[in-house]
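Here the chain labels run A, B, C and D in written order, and each chain numbers its own residues starting at 1.
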Amino acid sequence: MINDLNDIVNRVVKETRPSLGQGRVANYIPALGAIDPRKFGIAIFPLNEPPVVYGNADEPFSIQSISKVFTLTLALEAYGADLWAYVGREPSGTPFNSIVQLEQEAGLPRNPFINAGAIAVTATLLKQQTVSVFLDHLVTFVQQIADDETISIDQVVARSEAETGNRNRSLAAFMASFNNLAAPVEDALNAYFNQCALAMSCRQLARAGLFLANKGLDPISGRRLISPERCRRMNALMLTCGHYDGSGEFAFRVGLPGKSGVGGGILAIAPGHASIAVWSPGLNERGNSLAGTVALERLAKRTGWSVFSQG
Amino acid sequence: MINDLNDIVNRVVKETRPSLGQGRVANYIPALGAIDPRKFGIAIFPLNEPPVVYGNADEPFSIQSISKVFTLTLALEAYGADLWAYVGREPSGTPFNSIVQLEQEAGLPRNPFINAGAIAVTATLLKQQTVSVFLDHLVTFVQQIADDETISIDQVVARSEAETGNRNRSLAAFMASFNNLAAPVEDALNAYFNQCALAMSCRQLARAGLFLANKGLDPISGRRLISPERCRRMNALMLTCGHYDGSGEFAFRVGLPGKSGVGGGILAIAPGHASIAVWSPGLNERGNSLAGTVALERLAKRTGWSVFSQG
Amino acid sequence: MINDLNDIVNRVVKETRPSLGQGRVANYIPALGAIDPRKFGIAIFPLNEPPVVYGNADEPFSIQSISKVFTLTLALEAYGADLWAYVGREPSGTPFNSIVQLEQEAGLPRNPFINAGAIAVTATLLKQQTVSVFLDHLVTFVQQIADDETISIDQVVARSEAETGNRNRSLAAFMASFNNLAAPVEDALNAYFNQCALAMSCRQLARAGLFLANKGLDPISGRRLISPERCRRMNALMLTCGHYDGSGEFAFRVGLPGKSGVGGGILAIAPGHASIAVWSPGLNERGNSLAGTVALERLAKRTGWSVFSQG
Amino acid sequence: MINDLNDIVNRVVKETRPSLGQGRVANYIPALGAIDPRKFGIAIFPLNEPPVVYGNADEPFSIQSISKVFTLTLALEAYGADLWAYVGREPSGTPFNSIVQLEQEAGLPRNPFINAGAIAVTATLLKQQTVSVFLDHLVTFVQQIADDETISIDQVVARSEAETGNRNRSLAAFMASFNNLAAPVEDALNAYFNQCALAMSCRQLARAGLFLANKGLDPISGRRLISPERCRRMNALMLTCGHYDGSGEFAFRVGLPGKSGVGGGILAIAPGHASIAVWSPGLNERGNSLAGTVALERLAKRTGWSVFSQG
């Protein structure tokens, strides 16, 4: 099958090529805006088979919102169902940084993958640890599941996030005004800006997501990270909410649980099959990687891995 | 396996029993409000195996919004991707009858499963046929896929819908004011109120949905109804949008594409496995069958049919 | 003083001239779109002095939303404070035809001068009379207060309104769905479309509004139309709500209670001083007469009639 | 006339008595929540006549949002029409602390009297001075126009405001994220929380507002504070926007430009007649003084000072 997968990836790459360099690179911080928009990498880790990688798959990029998957994993392990007192589980129908829904629903964010929801999740993790202990914990966790100790937070990006973070500051203060934030506003933001600045390559990211494709068990280390039921639910959240107000479109076209970041990365999970990471910095109008989405659409079609085409 | 499934259904029914009679029966029209809230039926049609049914599975009920699945099937066959000029594919984040999103997005409804979107879909089907020809066509189509010529529209319900239909009238007129409705307002509403009044039993409904669990091919008749790709996409839409602003919760708890109706029915699809229909009139606060959702949650857990737990 | 006023009007006209022909003429119905945008008329009826008129002051135009002042007068006489069960008294902060606020406030329109509110007011007047009796009554009332029996409804405009009235149809059906409309949807709309099609000249309009400048008493006929207190309140409503989401701007620049119509007319009241009507078909971005607003701003400045510059 | 006014005040007080102690005292900070809800004071400064005071008219209270009138005066003097690049002039149709409108209008607040707008106004005043210089300037200005050097900022209240100020922090950061805030977020908030903590009595407040009733000229000191035109416009803003989403109701019932504060104070201006301050801590459901509004309604009725009942 690995030869097949190599063939498939080659075809997918060919089909994706016309989309490279299209879209707009995020430029709200200099470190992101300076990236060459023609970069493209993909890494596929099938269960129990060697990975297939292509292009700039070993170049670290800013994973940004994809980090929300890792903090949600930690928060669910720490608090279980109590976490849902701080954040909902519904698609938002609004852009990633919208505050309208927060006012209409008294400061409770719709889901853990919009900015407000992710800040709320991170805040819960600060209930019993300082920001720096949290960040150490997070980096160590990601290093372990990616099996790579070189992963780190890009301090330049983290500082830039903080300097341009007034929209997120507004979201955090808004939740705090309803007593729906479990940590002080500046602590929550400090932790959040740093987690978004995690730098990872496609290879590291796909490796790190492998447990989500295998019912919560890392198939390489044999380590159980979360229960099968929690794994199923995390995939459900990624499918319905992982791409902001483009989540329906992604489900429609690709049919895989996934989480995108404004740095141009997407982590996609094919339950029972593989963990996949793509990276291309040009974004579509919803803020998701344009070429990355095309590549995943082609890949899902050629592999039949869509969760909606079983059997 | 069929014995297993019988066992599973027995357990599911037992686990669901405490929820029976809970929730609120829709009472905006007399015909719905008069139903005994303790009714409960379930029908499961596995691919290539005999169906398993339980309880009031042969009692016809008003399928209401579940009809949107059938009209969407017809409209996609008739117009293909051109249909998306009239309706979007994103979860709405708002209740089934909300008009706020319509104003913010210039009369284009978010998806085919909220009321506005379904009215828009039905209107496209009236571009080349009268309301009565459309309704004949729809009933014949449903009879064929359900393999049961007794299925019909409940005229009492249809008339009541029309009499109490001002909210839907408002939605239709709003879209028409943006020239986003392909038929005259009253024609679109007349067709829509009638399609919602289709009366079907769980057995008929599960049978009718079988093609959606089998990549678009009816496994019993051998008739291809839609292409595998379109089937995959319809399942994606049902998963992300099938339960209004409770869609995220349903995906999280059940993990199956589905479509609920205010009559208390839910059609759920386990791709590659089975088509399932449940019915219990008491609704939860999102307007979806309370006991029906519990039953599907237990069933998905016991069968492992969630689309998020493959492999 | 009348010479002074003649002088003032001449200066105002001169200052307004550069604005003539600017703005966009409403073109949603042919009868409105065909008007020459350079038309301009003004009529000022001071209390107890002869009127001063200028330009196209005797040419009838479609008064459109200005009719809401007359139906509100009738409804307050008929129902008094009970009317406020059907409509609020707050500025809306949204465009004239917005439905968002209606959903957020359960079908109760913000004020009598946005479309939804005016339809609600007209509907109350249909509680005890048919549409045609209401229209006869309305036309007779306007003829009396304008002292001119030639005033009539433009049937061509009325029919066009009905044909293009889906947005208003949507608003009416929406209120009806909350049982907040006192008449059947089509009756309310029929009456509303006709009242909007009243054709009046600046002279007729300013004459008709004279009672509002004189504490409810027509100073020419000596007839009391409404109590001083009600008159004061109607002026308050016109000031805070008379120009949709441009009401604050109008109060800031002009400082007079007023009501504008999409036909390019504005009726303005200088309490204790005069009733004024201007007409110029080009509209600003808020849907109010561009040159008409300029003329009123200059007039208020030169006369000192702003309600905010007493003493 | 002064005897008349004494008589009128006595009657107004009598008519207001049943409302004393009703409403809810603001309790988001301890210093406000501890006030006796039955307190009531009124001070009326007619032009060119001695003031009439009653009740707790010499007891300082927290003027809160009434301070927005004074900072707007300073900002218009400093920047003139350039100020309107930072803030609009329309009623908001939403509560005082709503952020929904800010998102819909790209960070530009609707008017200077909602919280976001007032923070924006204060931020412009920090363009060329530090927070402490601004506060010195503001206090000196208020002392001068109130002719009382004892007026000061209540430091306990100011600190409490800062501690509970997350909603305002959210508004400020939101505007900053759109580059619509002319000062750093924390500076703008620091200045704003202090200005809201100004403590003044009814006597001081009514005296301070006298210039607004006299076309911008302080009739006692003879000092011109603003031009007649600007005065007229400030009164227009107070009338259309001075009471949040209760502004229409206040105009309807009272008919005077005014500005209320959550501490229970209201400053009302009768142009050409008088400046009036009332204080009673119990608030109505819109956040405006319940008994204060009743007193002003009765006073306006008995004096005929409503701007809508001239002549």
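Observations on the structure shown:
Going forward, a contact is a pair of C-beta atoms (placed from the backbone, for glycine too) under 8 Å apart; a residue touches a chain by one contact, two chains touch by 3 or more.
Note that this is a predicted model, so its numbers are computed, not measured.
The chain with its Cα centroid farthest from the Cα centroid of chain C is A. Separating the centre of chain B from that of chain D, both taken as means of CA atoms, is a distance of 55 Å.
The centroid of the Cα atoms in chain A and the matching centroid in chain D are 48 Å apart. Computed from the mean C-alpha positions, the centre of chain A lies at a distance of 32 Å from the centre of chain B.
Which chains touch which is summed up as A-B, A-D, B-C, C-D. The touching residues of chain D, counted against chain A in their complex, run 98-100, 102-104, 166-167, 169-174, 176-177, 185.
On chain D, the positions that touch chain C within their shared complex are 47, 88-94, 101, 110-111, 213-215, 228-229, 231-233, 235-237, 239-241, 245-249, 251-252, 255, 257, 271-273, 301, 306-311.
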